[in-house]
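Look for chain A in each of the two complexes below; its partner is chain B in the first and chain C in the second.
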Partner chain A sequence: MSKELNSIPVLDSIPQWFDAIVGKEGNAFKGLQNVRTSALEDFNRLGFPNKKMEKWRSTDLKNVLSFDYSMATKDFLMKDILEEVFECEVQELDSYVMNLYKGRFVYKESPLHILDDGVIVGSLSAAFDKYPELVEKHFGKYAKTENNAFNALNTALFLDGLFVYIPKNVKVEKPLQLINAVGTTEDVFVQNRNLIILEENSQLTLIHCDDSYNYKRSFTNSVTEIVLGANASIDHYRLQNINNNSSLKSTVAVEQARDSRLNTNSIILNGGLIRNESFVTLNGEGAHADILGVYLADKNQHIDNQVYVDHAVPHCTSNELFKGILDDYARAVFNGHILVRRDAQETLASQNNANIILTDKAMINTKPFLEIYADDVKCSHGATVGQLDDSALFYIRQRGISEDNARMLLMYAFAAEVTQKIKIDSLRERVEDMVKKRLRGELSICDQCVLQCSNPEKYNFEIDMSKI
Partner chain B sequence: MAQDEKRLIEEVTQSEYKYGFVTDIETETAPKGLNEDTVRYISTQKNEPEWLLEHRLKAFRKWKEMEQPNWAHLKIAEIDFQDIIYYAAPKKKKELASLDEVDPELIDTFNKLGISLEEQKRLSNVAVDAVIDSVSVKTTFTDTLAKHGILFCSFSDAVKNYPDLVKKYLGMAVSPSDNFFAALNTAVFSDGSFCYIPKGVRSPMELSTYFRINAANTGQFERTLIIAEEGSYVSYMEGCTAPQRDENQLHAAIVEIIAMKDAEVKYSTVQNWYPGNKEGKGGIYNFVTKRGICKGDHSKISWTQVETGSAITWKYPSCILSGDNSVGEFYSVAVTNNYQQADTGSKMIHLGKNTKSTIISKGISAGHSNNSYRGLVKMTKRATNSRNYSQCDSLLLGDQCGAHTFPYIEGANKSSIIEHEATTSKISEDQLFYCQQRGISQESAVGLIVNGYAKEVLNKLPMEFAVEAQKLLSISLEGSVG
Partner chain C sequence: MLLQIKNLHVSINGKEILRGINLEVNKGEVHAIMGPNGTGKSTLANVIAGKEGYEITQGEILYNGKDIQKMPPEVRAQEGIFLGFQYPVEIPGVSMTNFMRTSLNEIRKYHGQEPIPAKEFLARMAEKKELVEITAKLTNRSVNEGFSGGEKKKNEIYQMAMLEPQLAILDETDSGLDIDALRIVANGVNKLKTSENATVVITHYQRLLDYIVPDFVHVLFEGKVVLSGGKELALELEEKGYDWIKKETEKR
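Take a look at the complex of A and B:
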């Protein structure tokens, strides 16, 4: 570890936090003590990533790690906290809502619900107490700690998170919404851990929102593990909209069995520094993964998407599409990596990253990697960096639409390729609305909640055809 | 079908390296190992001026602090840099006045290589500078070129005769501390080619260098410097071979191109160093730094390469497009077979306005080989209205090989467009079937398809090379079916 990195204040706090949560004084998750201790060892060995590492050369954590963050070390479950923190639910969306506040689980009646059909939804820590075997079978198996410092830190220090268990042949019709909010107090460091298990032939829609309550600084290190049994299917939406002082490092590790389907869609609207890492392992024949994302960044924001798809067995398909619009001084990073292993024949994989840069100060680094060891495969990737199409702009303006509106329309259409893939109507409408607002600059973190939708429409997208 | 495939693949993997002979020429070598004395020895051997020795020593000191890079997708057996002879020259019996006095063994070598110096001189219109083990042995057509004011000679002669030019441009594109292998080359380079095209001159013929490693245990460290003055044009070709030996030999070269305003340089390489035997034993480690600077406005540098040889290839011909409206091009076919490894691609650094670059890379992997494309396209803030198009295709023949693509794309202004696309696949069954249905044997059909696949790049090669490259491709791959 270099000298420079030793000056990260959090490094001094980590041993104390660990002692308080896991060590002599702590008593959380007794059964996990060994796992947590070895994860801490991994973290101590790895240290926080720096720019000299290939995977981090475009994302600098020095600034966001220079604050003396604090972390809660007790009271894992919270009852009835401020209602207004969680105003961000998608209205008109009939869903189960789970709330995490600063990495702790918030509940009204009970931290763990067992539904009639055997579905278990609730706090991970409560699930650890009640169903240790079920949790330990999968926990920590997919988000590796040996070579990923943030996964290691999360495993060592996490407080709580969402646990979902869907038994065989159960289809959960209602979407499940997880809202992880930070804020209210200064400089908070949050370790959030989720485990989602889908047994054979089951189905779930999960909406994972990361929001911030106000402008206070925070650093969230979130790890989600998703296990898909044979023929299971999950629609996973990530909505990320945190303030410009906050950082979010979010890992999603997915393990897919035979014929399972993953559809993950990341909508990144706002954030000081966001880094998403997705690790998808296609480990059963016939598995399919759609990994989509759209990112809109301005000011000094930094958005980094890392997608690693491992085609471990034959006959799997994967499809990646990430689109981004960068304004002001914003910086975005995309690093896709498709690995096709030696015998993973008949693989079909595609990877696409398209970017629009609006200013000369914005920057994009994109690295679409292919690593292929099997011959009977079709893999393709593409990356573009460009700007709005002048002739398209001209075409629209020619029809009497103002330049501002025309630009909005084009940017909106650019992002729509990803947003329109959202399968839940009310969510799609909400996201599209947010994208419009974001492009108009109206969607900075509103005072209370990002989804305050009271602003009058400044730009009219509905074009009156009768006048043309 | 499966049987056929196996047989054909075996045939391919067994096709022999035909340049693997050793020529019995007495050589003068430096003692093994590398230290400041070795650097001084080389410099003294070549009667170099003080400034060049200083330049070498500076690079050597930098090199000592550097570590061998390990970021490439390559498995490199540890190289003992102290176990290499850094200087080997064919022993000079006396000063040579004409070609007739050149060692007949040497002439024979070049005849075997198909670049008979004599014949080249008479029949084709190509000026050749032949470099054997580290020393330039013969440069043809010097006089004809001199009429046009073109300077084309060995690097040592250039140091002797045009020290000002060498001093001014040496290290301009590749600084002594650029990277590990560039620093090593700068410290111990023994010879190479030098080419200077004066203002407004269009070279009347293609210039060519032929490199050959002959002596055992030696590394070859040659250096090429091409300077194209305002409004000039030159097409430059480079070919290379080495004898068949069990141990790995090191080749770390530098090519620097400087193109002034309106100048155009076209650099073509057919790289056919000994690739090792079919178990992956022996072969050349080819670590080359090639870089061109489009210094002036409207200048153009074009790299074309056909890479079929070497056990390991580590090579990224690059263009720094600093002049406004300058153009960089990179066309590459890289073939790996048996246990060969290649990590090759291009870097296009856009600094000037309205600059354009194109990258076309075709990788073909067979046997147990690994073939990677690694490239960088960088648009700086100042490079407004610039354009890049990259296309990197990989073809896999056989299920034990690997094909990888590692593009790095960095955009930092709002008016430039960067496009990158890549595909990886095997030979289409449909195309094979179509050909076979029309009575073309499987083997020829594969040859046809592979050649068609590489055509886009082969078309960019000068005539003489295109023929050689096509032959090489068929030797390496004819009949392999994925």
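Take a look at the complex of A and C:
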């Protein structure tokens, strides 16, 4: 380990945390002890990433890792959490809202629910106790630890997360929402781990929200593994609205079998430092992936999106579209990497990153990248960086719309290319409303993306068009 | 007087485009401004609408007696000036409904009126669509996105109908239109004519004036109005061509 990295207080805490969670005192995930131990070794070998590494050249963690974070290794009382932190009443399972707090699963009665059609939803830790074979078959197989320090750290230290199992031929109509909330009395380090398994011909909509409740500093390291069986289909949304003192590193690793369909959409509204990594492996013919994202950043915010798509077999299609609006001193990074392996003939892949930069101090580092070994493929990539279109601004203003609102309208429209692809009406309206609020500077970091809530005011989807 | 332009000189990047324009438009009148390409017609339209990038070096533009030089374009629009664009801009992601509603409400707000009730707004959209014979659904379509040339021009007149301006300046609205679309556009303009508003039609060809009959025709040449007359001037111009203007100007 280099000298520079010794200034990271968390490094001193990690051995204690590991002892408390995995060692003698720890009780959950006994069967994963070897996996966790080897993950810790991987992390110790890799260390936290630094700017000398190719994939981290434009994202500097030095500042956000300079704080002495703590980790909630001990159990806490569910009742207290429910009352204190969650504004909205935690819903029963039929409304499909799941809550994580400090990386732990929050529940009222039972941590794990088994529905009539065989669907299992609930705490990963509980699932591991009850269905160890099911969990072990997939856990850690897609989010690799050997070359990814955050995946390694998460694997070694995670406390809990969401587990979902959808059996063959089951289509879950109602969206499932996972809310991971930070914001406590201390600077907290959170390792959240989720495992989503979709068997053949099944279907799920998953909304993963990272929210904060106050302005307390936090660092969340979230890893989600998604396995799609043949012809399975998932709509996956990441909604991120955390305070400017908080950092979020969110990894999603997806393994796709034949004719499966992934639609993942990241809506990044606010955050001090956010880095999303998507690893998608198209491992069965006819598989398709849409990987979309929109990011709105201002002040000193830093938003980094890394997308890695592996076309491992022939006849797969993938489509990437990321759009960003950067104001003030904000910085963003886009790194798209499409790998088309030698045998992956008739691959169809596109990659696009478009940005609007509102000031001369804001900055985007964008790097679309294709690595192609097959000869019969159609791949495209592109990146644009620009300002708001002057001729469009004049056109709108000529219709009597003020300059501020004209700019707002154009920015909103720019983001809408991504947000309008949200398939759930109520979620799309909610997100579009949040985007408008964000662009007007009215979005609070405490505005959550919850779909169902006991407070009806939060669900007023009426959009006042005069204010756009 | 609705619009009064006095000795207007305008430059772009130091190059003088308009060299002393004089023009007076009263309520209830239709004016046609003709002239060869590159003679300053669009510049005049843009300057009246308040587009940036033009430098007024001399003269003034009075609208309802007020000097509008320092007014931002949106305020001019709110005051009742409408520009029908030669090249309407595509705005992906902004629906026509949203655009028109925002536009109408901002204009109403400027005049101290409440926002238009949803029902009234929708009724108005339907009524005005009919006026310009738009059959396609506009509700969810983005402004001008994927519209054909003719549809874009119809859409300009549709917006004019929605906003009911006091002064409409139509910049080459006839260019690129087939005869059917031309008839529809002209029809729309004629139906919108009242004793309280005025229209300035900028065109290269006489053809449009078969449908929109002007009270006055002005010929713009090298940044100046070189000839003004009644509608018969347009016919004379059509017959003799712009070379005739050139010669006439040289004679003086």
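Keep in mind that, in the parts below, the second predicted complex is superposed on the first by the 425 of 468 C-alpha atoms of A that agree within 3 Å, B and C clash if a C-alpha of one lies under 4 Å from a C-alpha of the other, contacts with A are read in each partner's own complex, and residues count from 1 in each chain.
Methods note: a contact is a pair of C-beta atoms (placed from the backbone, for glycine too) under 8 Å apart; a residue touches a chain by one contact, two chains touch by 3 or more.
Just so we're clear, the structure is a prediction, and the values are computed from it rather than from any experiment.
**Student:** Look at A:Y395 in the shared chain and tell me whether it touches chain B only, chain C only, both, or neither; answer first, second, both or neither.
**Tutor:** A:Y395: touches chain C, not chain B.
**Student:** By residue count, is chain A touched more by chain B or by chain C?
**Tutor:** B
**Student:** Determine, under the contact definition given at the top, whether A:E417 touches first (chain B), second (chain C), both, or neither.
**Tutor:** After superposition on chain A, A:E417 lies in contact with chain C alone.
**Student:** Touching A:D375 in the superposition: chain B (first), chain C (second), both, neither?
**Tutor:** In the superposed model, A:D375 contacts chain B only, not chain C.
**Student:** Show me the residue ranges of chain A that touch chain C in the complex, using the header's touch definition.
**Tutor:** 389-392, 394-403, 405-406, 409-410, 412-417, 420, 465-466, 468
**Student:** Quick one: which bits of chain C touch chain A in the complex? Just the residue numbers, please.
**Tutor:** Interface residues on chain C, with respect to chain A: 49-52, 72-74, 76-78, 82-83, 85, 88-89, 91-94, 98-99, 101-107, 109-110, 115, 142, 159, 163.
**Student:** If we count contacts the way the header does, which residues on chain B are in touch with chain A in the complex?
**Tutor:** Against chain A, the touching part of chain B is residues 71, 73, 379, 381, 384, 394, 396-426, 482.
**Student:** Which positions of chain A touch chain B when the two form their complex?
**Tutor:** Touching chain B from chain A are residues 54, 342-343, 345, 355, 357-387.
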